[in-house]
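Residue numbering begins at 1 within each chain, and the chains themselves are lettered A, B, C, D, E, F, G and H in the order written.
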Amino acid sequence: MAKPLKIVIAGEGGQGVQAVAEILAEAAYEEGRQALYIPNFGVEQRGGVSVAFLQIGDRPIGAPKFEKGDIVIALSRRAIYRTRQYVGPNTIFVYDASAEVPPEDLPREAKKIVGIPAIEITKRELHPRVFNVMIMGAVIGVTGVVSPEDAKKAIEMRLGYKFAKDPKLRELNYRAMERGMELAGAAV
Amino acid sequence: MAKPLKIVIAGEGGQGVQAVAEILAEAAYEEGRQALYIPNFGVEQRGGVSVAFLQIGDRPIGAPKFEKGDIVIALSRRAIYRTRQYVGPNTIFVYDASAEVPPEDLPREAKKIVGIPAIEITKRELHPRVFNVMIMGAVIGVTGVVSPEDAKKAIEMRLGYKFAKDPKLRELNYRAMERGMELAGAAV
Amino acid sequence: MTEAPLTGEKRVFMTGNEVVAWAALAAQADIMYGYPITPQNEIMHYWTRLAPKHNRGFLQTEDELSAGFTTIGGVMAGKKAFTATAGPGNVLMQEPMSMAEAMRLPVVVIVMQRGGPSTGTVIYSQQEVMMTAFGGNGEGLRVVYSTATHQELFDYTVKAFNTAWRYRFPTFVLADGYQGKMREPLTIYNPVERGMELVPPEPYVGRPGTPGVDRPPGQFRNTYNVEEELYEVLSAYIRDWEQVAGEIAEHDALGVEDARLVVVAHGVVARAAKQAVEELRAQGVPVGYFRPITLRPLPTAALQEVARRAEKLLVVESAYGQLARLLREALYGFTVEMLPLFKPGVGVTPEEVATRVREIV
Amino acid sequence: MTEAPLTGEKRVFMTGNEVVAWAALAAQADIMYGYPITPQNEIMHYWTRLAPKHNRGFLQTEDELSAGFTTIGGVMAGKKAFTATAGPGNVLMQEPMSMAEAMRLPVVVIVMQRGGPSTGTVIYSQQEVMMTAFGGNGEGLRVVYSTATHQELFDYTVKAFNTAWRYRFPTFVLADGYQGKMREPLTIYNPVERGMELVPPEPYVGRPGTPGVDRPPGQFRNTYNVEEELYEVLSAYIRDWEQVAGEIAEHDALGVEDARLVVVAHGVVARAAKQAVEELRAQGVPVGYFRPITLRPLPTAALQEVARRAEKLLVVESAYGQLARLLREALYGFTVEMLPLFKPGVGVTPEEVATRVREIV
Amino acid sequence: MPEEYFNFEPRTTEVPKGVFTVFPGLCKGCGLCIEKCPKKCLKWSETLGVYGTPAVEPVDGICIACGVCEGVCPDCAIRVIRKRGKDG
Amino acid sequence: MPEEYFNFEPRTTEVPKGVFTVFPGLCKGCGLCIEKCPKKCLKWSETLGVYGTPAVEPVDGICIACGVCEGVCPDCAIRVIRKRGKDG
Amino acid sequence: MAMPLVQPPMPNSWRRDTKPHKFCPGCGHGIALRALGYAIDDLGIQDRVVFGCDIGCSLLAWDFFNVDTVQTHHGRTTPVMTGIKRARPELICIAYMGDGGGYAIGAQHLVNAAMRDEKLTVILINNTQYAMTGGQMAPTTLPGQKTETTPYGRDPELTGMPMRGPEMVAAITEEGAYVARGTVSKARQLRRMFIRALQNQIEGRGFSFVEVLSTCPTNWRTNAEETWRFLEIEMPKYFHIGEIKIPVTEGDVDG
Amino acid sequence: MAMPLVQPPMPNSWRRDTKPHKFCPGCGHGIALRALGYAIDDLGIQDRVVFGCDIGCSLLAWDFFNVDTVQTHHGRTTPVMTGIKRARPELICIAYMGDGGGYAIGAQHLVNAAMRDEKLTVILINNTQYAMTGGQMAPTTLPGQKTETTPYGRDPELTGMPMRGPEMVAAITEEGAYVARGTVSKARQLRRMFIRALQNQIEGRGFSFVEVLSTCPTNWRTNAEETWRFLEIEMPKYFHIGEIKIPVTEGDVDG
C-alpha cells in the first residue's frame, strides 16, 4: 500500500502558501482521496516563516507531521533556512531563484534541487496576486498529486465568487497554474 | 510497653475544654513524658461542640486521633451526643449531671459511666470561671495521668500573670482542681 | 433566525476545532462558556458563528476559572453546557473540575493539549494526561476520552455529553493542537437520526414549584464538617465510579493475539503507532498495537489480556511517561517488559515507531 | 527591633504550623507570601509575629495564584521565599508551580493537606499527593517531602530550602491538617550551629552592573516557538532531575529484612503504621514497615529491595490509592501482592492497621 | 437531634404594653439585644439558650414593647407583640 | 542567522533639507510612515524589507526632513537627519 | 409536640428546620440574611430565586433558605451564578459572599461581571476580615486594625488603604446598575436595598450590588457593646452607607 | 562587516541583536516599547529596571531590552513583579501586559495591587482585543466591533460596555498614585507619561498605571490608513487620553 505523498510549502506571510496547501488538499479530497493538511502556528502572529504540511494518499494518514518531505518548496530566503530540516535523500527541493542564498546554504542531501524564477515570472508575465497559484501549478507539475481539472475545480470553489465579478481573474489564475506546471515540468 | 492514655474532653464553646487539654498536655510535657494534643476544628467558628483529643504516654505517640478513649468527658447535653462515638467497652465516661439526657441516650457499652454535678458545684462552692480547672482535677482524679504538683505548675505557667495581680485567684484555682479530684475519686 | 439543525449525513473536510463545534451542536449542547487559548480558539470561533443560528448560548468569561464555574452553573440550571481549554487553561480548569467531582456535575470539557509545563508551546503535546485524569485535590472521579481522528473527535464529543449526563461525572474529550488545527475528511451526522439516544439534561436548581411548599429545596454543598461525613459521601461516589468503569472503558487493538511486541499509544500518536504496526506486520514482523480510548477509566481488562500474551510493550507518547504511568499502575503484577518511546511535546511519526520496533525485535 | 535569631537548641511543645514558622526562620528564609486557608493559617500567623522581629518580609496576597507568583518573584530577586497552602489553594498553586518547573525556580511550598475534592473538609487528608507530585501541565519535575512528626516538620522545612536552591526544582513539604494543628514535643535548633550548610540564594534578576554593558541581561522565558525547542530544554531538565533523584530520595524502614508482610505508608499515617508494626513484631508477627519520606522522587531502589523480599505489601493511606499509584509505578514488574487500606479524608489508627495486618497474615 | 430544634419553645412574659416572647432554643446569648434596648430592660435569665449560655428576659414592668430587640436579634429569638397588636 | 540582522544596512538618500535613511533590514512594510508623511512623499521601493515586502523610500526632492516618519515607525527603520543637524 | 401559638419572627423563605442557624452568637450574617429573607417574601419570588453562597462563613447558609441553593468555591459564586443566569434568565440569581471572596480572590469575577453588566444581584458581607479562617486581614480591614496577619495593626504604608467596593463597582458600571452599601444596624434600610437590587435584576436593567457592613464578634473579639461600636461608629467613618448608584429609569419601591 | 555610520534611532536600552523585533508590521507594541526605552534612557535606570512581560503579544518582548526581564504567565505579571519589588525595593519594576491579561484574567491582581498601593509601574497595552490568540473579544472591545468571538459585533446588551481601566484604577487608589492613558499615536506624550509613572515608583509615592491605546493591524485586518483611523478616531471616542490622576506631591518632569 502506497505511502502518502508528503509536501512542505514555506514562504513569507504574504505569499499565500497556506492557501496553496488548502486548495491542493481540497482538490484531493474532492477526488475522494485522503488528505491531511496542517499549518505551522506559534506565538507570533506574523513574521515567522509560514509553513504548510500537506499529505495526500489513498488510505487514512498516520501522523499529521513528518520528518522529511517528498517535495519541499521554499519561496523566500528565510523559508530556505527554515525548511532545510525537512529535506532528505528522497526529497525534491524547489526554491525561488530570486532568493539570494549562498549555494552551501542549500540543502545538501536532496534528491533534486530546483531553483525556479517564480516571483520573477509572476511579476513579469502575470500578476503578483496569482503567485501562489503558480506555485500550486508547480507542485502539480512535479508531483501530479492531483489532476489539473480538480485543481481548477478547487480554485473555482474558493474564488468562484470573485471570478463571477471579474472573469478575467479566472483566466489569470488558470494561466498562472499552467505556467507553474510548465516551469516545474521543465525543471524536474 | 504501655500504650498512651487516650482522653477526650468535650463541651460547649465557653466551657474551656481546650484549655484543660492543653494544660494537661503541658504538665505531662514538663514531666518529660510524651504528649499529643489536637482540638477538633471545622468550618464553624462557634456553635459546634468543642472537642479536645489528648494522649499522654511514655513513647512517641502514633496517630493524633483515635477511635475509643480511655476516658471521655462530656460537659454538656450536646457534648454527650457528640462524644458517644468515642466510648468503648474500656472507656470511663464522665458527664455533667446537670445535662438532661434520657438515660437511653447515654453510651451503653462504657466500662463505667459517672455523672458529676460539676457545673452545679462550681456555681455553688467556687466560681464558674474555674469550672474547667475543676474538670481538669477530675481527669487527674480518675487517671492520675499527671501529678497534682505538675498540674499546678502548668496552671501557674499559664495564669501566673493573673495570679500575680490577684493571689486569691490562685487559691480558687487550686481549690477547684482539688475539688475536682475528690469528686472524681468519689465517683470512680 | 434559527437554521435547521444538522440533518442527515455530510462528508466534510475541516479542522478539528470546527469538528468539535459541529459535534456539540449535534449533541444538542445548549451553551458554551469559554476563554480563549491556543490551540482551541477556533472551537469558540465556530461556535459563536453557529450558536445564534441555532439559538444556543455562548459566554466568553474573564478566565478559565470563570469558564469552568459558569459551565457548572449552566449544568446546574439543567442545560447541556460545555467548555474548551488547553495547557495553562487546563491547569486552572482543575479548580472548577474539583467542584464538579465533589458534586457529581456532568460538565463536558474539550481539551486541546499543548506543550508544557507552563506556557510551553501553543502547538501540541500529550502532557496533560495526568492532570486531566487526576487533577485537583480529589481522586480522579472523571471520564477521559482520548481521540485520534476527526471522526472520533465528532463521535466522542457527542458521546461525552451522554456519558456525563448518564453517570454524572465530569467528562473530558482529550485531544491536542494537531487535531485541533489540522484538516482531514470525516462524516458529520445527526446522532438522533442514527438512532442514538441523547441523554436529556435535568435541572439541579430551578425545578418547578416552590421549595418547602411543593417540593424540598434543591440544596447542594461541597463542604463537610467532619472527616467521617466526607468519607461516607466519597466512598459512595467511588463505588459508583468503579461500578460503571467497566462499561465506560473503550480501546482499539490490532494483532495483539499473535504479537510478541505490542505498541501502546493513545490519541493522535496512536495513528503513527497503528500505521507503523500495519506496515511492519505486512512485512511479517510479529508486532501488535493497543490503544486505550478511555484514559480514565482505563480498559484494564483488555490491557491485562494483552500483558498476559505479549513479551514486550513499547509505550509511545508525546509526553514523558504519563501514559506509561497509567499503564504501569493498571498492569501492576505483570512482568511483561515495558519499553519507552517518550517525546514530550513533539509529534511522533510512523517511521520513528517502526525504527524503534525494529531495534527491539 | 531585630531579635537575636534562633540560637542553640530548644525543646518545645507547639503546633505544627508554629514549627514551620520557626523552621523557616531557622533556614534563613527572607520572605513569605501567602493567602489564608485552613489548616495552614497559623503558619502565617506565627510568621507575621516573628518576621518583623527578625526583619524578614511578609505579604498577604489576593489569592493563591498571586501567592505562588509573588513567591516566584521573591525567588527571582534572589531571596529565599516561600509560601504555604492547602486543598483548593494547592489546586490553584499548580499554575505558578508549572512556571517554576519550566524555569527551574527554587520556590518552597508548605502544604497542609485537607479533605477533598473541592472544599471538602478543612481538617485532614492525604489526598493531595498526586497533585503535589505531578500537578500542572508538566512532567512533575519537583521534590516532595512527606513529614510525619513535628521534629521532621522542622528538619525538612529547613532542608527544603537547601534542596530547592541546590537543585533548582520547586520543593514541597507535604504535611496535613493534623500535623498543622496538633501539639507535640520537638527540638528546634539553629542548623548552622549544628554544622549544617545553608545553600545561599542567588538573584536571577537585579544582579550588579548594567545589562548589555557590564554583563548580559538576565532574561528568562517559559514560552517556545516550536516543538523541538521545548523538547530540547525539557529533555535537559529531565536528565538533571533523574541524575539527582537518587541522592534526594529518602525513606524510613523497620524490619523489612525478615518480614513477610510490609506495611507501606507515608506522612502522619506512617506513625500509626510504625506503631502497629512495632507492637505486632513485639508479639512475634513477621511484619515490617516501609515509609517513603520523599514522594517525588520516590526511594525506588529501597522500595524494590523491599518488593524483592516481601510476599505482600499493605498500603495504608488517608486517600484512595494515591500513594499506591506511585508505588505500583515504581514497582512495576514485581509480583509482590499489594493490598489496600484506603481511608480517603479520615485518619488511620494503629489499631486499624494492626487489625488489617492480622486479617492478612 | 431532638426536635425542639424545629418547634421552638416560647417563654412568654406579659409586659405593660404587650407580650414579650423569647425562644431559648434560638438564643445564643450574644447580648446584642440587651445593648440595644432603649429601656435597658433586658437581662440574662436563668433559662439557658441553645449553647448552654443564659438566654435573655425582660425586667418586670419596664419593657415598652418597642420591638427593637426583636429587630436586632440575628437568630430571631425574640418576638414582641404590642397590645394594640402592632408588630415591631 | 546571517548578521545583517544586527548590523543594519542603511540606504541613505540626500533630500533638500537633510538626509533620509531607511534600514531595509528593519522595515516590515507596514506603511504607517507613508500614511503619516505630511508631504505624502514616501513610496514603496524596489528594495525588499526584512519580510520580503517592499521597503520605503522618499520621492525625490519633496521630503522636508520633518522626521514624522521616523517618529511613527514601530521598527526604528527610518532615520532622518536635518541639515542643521536637528534630530527628529 | 404541638406547634406553639407564638412563633419566632422568621421570614417565610427561611428554612425553620435548619434553625438555629450555624452562625456565631451576634453574627451579622444572621441579620443580613433575615433582611434578605423578608425581601424575598415581599417580592414573592421564593419559587424563582437561586441562592449561591461563597466559601467563607457564607457557606454556612447552604441550607438556610427554602430556596434552591448552591454552595460554590471561595470567590467563585459570581461565575457560578452568572452561568445559571445565562442559561436560565427567568431565574433570579443571588450571589452571596464575603469581602475576601468578593474583593480579593474573586475580584476578577466581580469586576468583569459588573463590566459585562450581568443581570445578577451580588450581596457582599463586609466584616473587615477573613472570618471563616480565623480573622486575617481582608482588603476591607481598617487602618490600624489588628488581625491575625496584621498583629500590630494594618499599616497602610505596607498594605494600602481599605477597598471601597461599591465605589469601584459604581465606577465601572453603566446606568442600569444598582449599587449600595447598607449595614446590619439598619435592617429596614437594608431590606429596602435588597428589594431594589432584586427588582433591578427582575426588570433586567443591569448588575446590582449591595455591600453590607456586618459584625464578627468572634474574630473582632468584642463584647456586645464593642461590637455595636465598631459596626456603627468605626466602620461608617470609612465606609459610607447609602445608595451609591440608582438606575436612572428606576421608580421608587416600598420596603 | 564594519558598523555603518548611520544607525537606526533605537533607544540605548534596546537590545539591537534581537531586532527587528518579533511584533507584526505596524504593531503598536513597537512604538510603545520605543517610548518606554527612551524613558528608561532619560531616567538612566537601565541597571535597576526589571521588566516583566505578560503572556499575550507582550511575551514577544522577553528579550527586547538590555534590562533584566521575566516572561511570566497570562495575567500574572503584576504578582511576579510585586514579589520582586517586595523582596528588593531598590529595583524598579515594570509590569507590561495586554488588556486581556490586565483587565480579564489578571483583574484581581491589578485591583489588589492598586488597592495595596504596590510601588510598581504597570503598563497595559489596549488594542481592543486578544491579539496573540487571534483576535477575540477583550474587556476593551468597542461596541459593534467585530472579533472572532463577536463575529456579528460586540453587543453591549449581551456583554456590556468596554472596560475603562485607568478610570477604575483611579477610583480605587489613594493620592500617591499616578494614572494615565496614552496612545502610540502621541509617542512623545507617552514617553513623558512613562517617565512620570517610573518617577512615581522611584520616589516611592505609590502605584503607577499607564494604559496605552495601541494598534493591531493583524487582527483588526486594517491597512495603514484604517489602522491610524481606528487608533486616532474610533478608540479615543470611548477611551479618553490624558493624565487621570497625578500624585498630589508630584513636581513636573521634563521628557
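Convention: a residue touches a chain if its C-beta (ideal position, glycine included) is under 8 Å from a C-beta of that chain, and two chains touch if they have at least 3 such contacts.
On a predicted model such as this, the values are computed, not experimentally measured, just so you know.
Trainee: Of the chain pairs E-G and B-C, which one is connected by the greater count of C-beta contacts?
Mentor: Spelling it out, more C-beta pairs touch across E-G than across the other pair.
Trainee: Based only on mean CA positions, could you tell me how far chain F sits from chain H in angstrom?
Mentor: Measuring from centre to centre gives 26 Å for this pair.
Trainee: Distance between chain D and chain F based on Cα centroids, please, to the nearest Å.
Mentor: 59
Trainee: State, to the nearest whole Å, the distance from the C-alpha centre of chain D to the C-alpha centre of chain E.
Mentor: It comes to 53 Å between the two C-alpha centres.
Trainee: List the centre-to-centre spacing of chain C and chain D in whole Å, with centres computed as mean CA coordinates.
Mentor: 31
Trainee: When you check chain B against every other chain, which residues touch at least two of them?
Mentor: Within chain B, the residues that touch at least two other chains are 42-44, 46-47.
Trainee: For chain G, write out the residues touching at least two other chains, lowest number first.
Mentor: Residues 23-25, 55, 59, 71, 73, 104-105, 107-108, 111-112, 132, 134, 139, 159 of chain G touch two or more partner chains.
Trainee: Name the residues of chain E that each touch 2 or more other chains.
Mentor: 28, 51, 53
Trainee: Please list each pair of chains that are touching.
Mentor: Listed in label order, the chain pairs in contact are A-C, A-D, A-F, A-H, B-C, B-D, B-E, B-G, C-D, C-G, C-H, D-G, D-H, E-G, F-H, G-H.
Trainee: Any idea which chain A residues touch chain H in the complex?
Mentor: Touch list, chain A to chain H: 43-47.
Trainee: Spell out the residues on chain H that touch chain A in their complex, using ranges where they run on.
Mentor: Within the complex, chain H contacts chain A at residues 22-25, 57, 59-60, 131-132, 134, 218-219.
Trainee: Using the touch definition from the top, list the residues of chain A that touch chain D in their complex.
Mentor: Spelled out, the residues of chain A in touch with chain D are 40, 42-44, 48.
Trainee: Tell me, which parts of chain C touch chain H in their complex?
Mentor: 35-38, 41, 44-45, 48-49, 52, 58, 60, 62-64, 88, 118-119
Trainee: Could you please specify the touching residues of chain C with respect to chain D in the complex?
Mentor: 87-88, 90-92, 94-95, 98-99, 101-103, 114-121, 123-125, 127-128, 130-131, 134-141, 222-231, 234-235, 238, 319-322, 325, 328-329, 331-335, 337-338, 343-347
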